[in-house]
Amino acid sequence: MIIGKVVGNVWATKKDETLNGLKLLVIQKKSQKNQEDTFVAADAVGAGFGDCVLIANGNAARKALGKNHVAVDATVVGIIDEVEVTS
Amino acid sequence: MIIGKVVGNVWATKKDETLNGLKLLVIQKKSQKNQEDTFVAADAVGAGFGDCVLIANGNAARKALGKNHVAVDATVVGIIDEVEVTS
Amino acid sequence: MIIGKVVGNVWATKKDETLNGLKLLVIQKKSQKNQEDTFVAADAVGAGFGDCVLIANGNAARKALGKNHVAVDATVVGIIDEVEVTS
Amino acid sequence: MIIGKVVGNVWATKKDETLNGLKLLVIQKKSQKNQEDTFVAADAVGAGFGDCVLIANGNAARKALGKNHVAVDATVVGIIDEVEVTS
Amino acid sequence: MIIGKVVGNVWATKKDETLNGLKLLVIQKKSQKNQEDTFVAADAVGAGFGDCVLIANGNAARKALGKNHVAVDATVVGIIDEVEVTS
């Protein structure tokens, strides 16, 4: 899974019907090399702007939504309280 | 999912029959590091040149086309109205 | 899907039996950043040296071969006539 | 699979219920180019801080947990005793 | 699929039971940009140190082992006799 930060939302009127009702969040991926990349994930746990979150990709993304037919390949599966890292 | 921009089309007469009838769009991937990469996605929502779009990859790409047997690994699943990002 | 160019072949006598009879092509991936990376894809449409081709990855690669049991994760699914891109 | 090092833990009270009871480890990926990237993996073998571990991704990650419905895309599947590499 | 070179072995006593009996090889990925990255693949064709090999990823990796339940996401599916590439 990936650690990222919610930095915004995506709005799309014309979209696949399986995405209807899903909140689509813009996620900034944090990596030690400070290379920043953004992608979009569906929300499954009520995450919002500024939250540090855990994202699952691929089939796991649909497991979190409980719907195997949705056209989603990334989902927020946790709002992180603490990342405890010792270098 | 990935945010990208439709920058063209791909035409292929000799292709897997499951691709017949699908519009194949050239997508330029936008990332904050301004590294530009292009790839091809099938269209599922009527996207066209210049549109800012949302792309799903892997199995999710076939869910959006409603056909699990197609040889597609990336599909445009939304035409983005607005990307609201606060850094 | 990825746009690439067929730049060669791979020959392997000792290989997984599900690969028997498949043509294994060396593909050079084209990306705007001119970062060249090579990988191997099975051929499903009669592609040959120098062809500009469309490659599907993951489960989609096996869909194109019509055999879900083959140990293949990338397949050439189209010979590209034209890539129409307007920057 | 990927070789990595356990460098910490992630705590998330609000998370997908399929993650309940799973230990979520922060993994630092080792690559010869010394590009360090971190990601999160569920633990399936009792790994802990400082361990050199083997991580499986995608569907394989859920196979290791024996539960196909969990929203996990990376799992620690081995604690490495030795990596024998001759350049 | 990926072309790589077998550069070593990984030994792990504490591991997922589905990995028992599998030879775990350290693979160095060759790419034209000379970016070297290493990963681990299970062996399905009797490959050994120094062999130039073909690796399949994801579900294809498990197809080569004939066991869909193993926690493996990369498998050596061929020992390469020759890579014929014309630039």
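Chains: A, B, C, D and E, in written order; residue numbering restarts at 1 for each.
By definition in this document, contacts are C-beta pairs under 8 Å (C-beta built on N, C-alpha and C of every residue); 3 or more make two chains touch, one makes a residue touch a chain.
As the structure is a computational prediction, the values presented were derived from the model and not from experiment.
When the CA atoms of subunit D are superposed on those of subunit E, the rotation angle is 70 degrees to the nearest 5. Annotation: 19 Å between the Cα-based centres of subunit A and subunit B. Rounded to whole angstrom units, the spacing between the C-alpha centres of subunit C and subunit D is 31.
Counting partner chains per residue, subunit B shows two or more touched chains at residues 58-59, 61.
The sequence of chains round the contact ring, opened at subunit C and continued through subunit E, runs C, E, D, A, B. The residues of subunit E lying in touch with subunit D in their complex are 7-16, 18-19, 24, 26, 28, 35-41, 49, 58-59, 61-62, 69-74.
Against subunit D, the residues of subunit A that register as touching in their complex are 1-3, 31-33, 44-46, 54, 56-61, 63-64, 75, 77-87.
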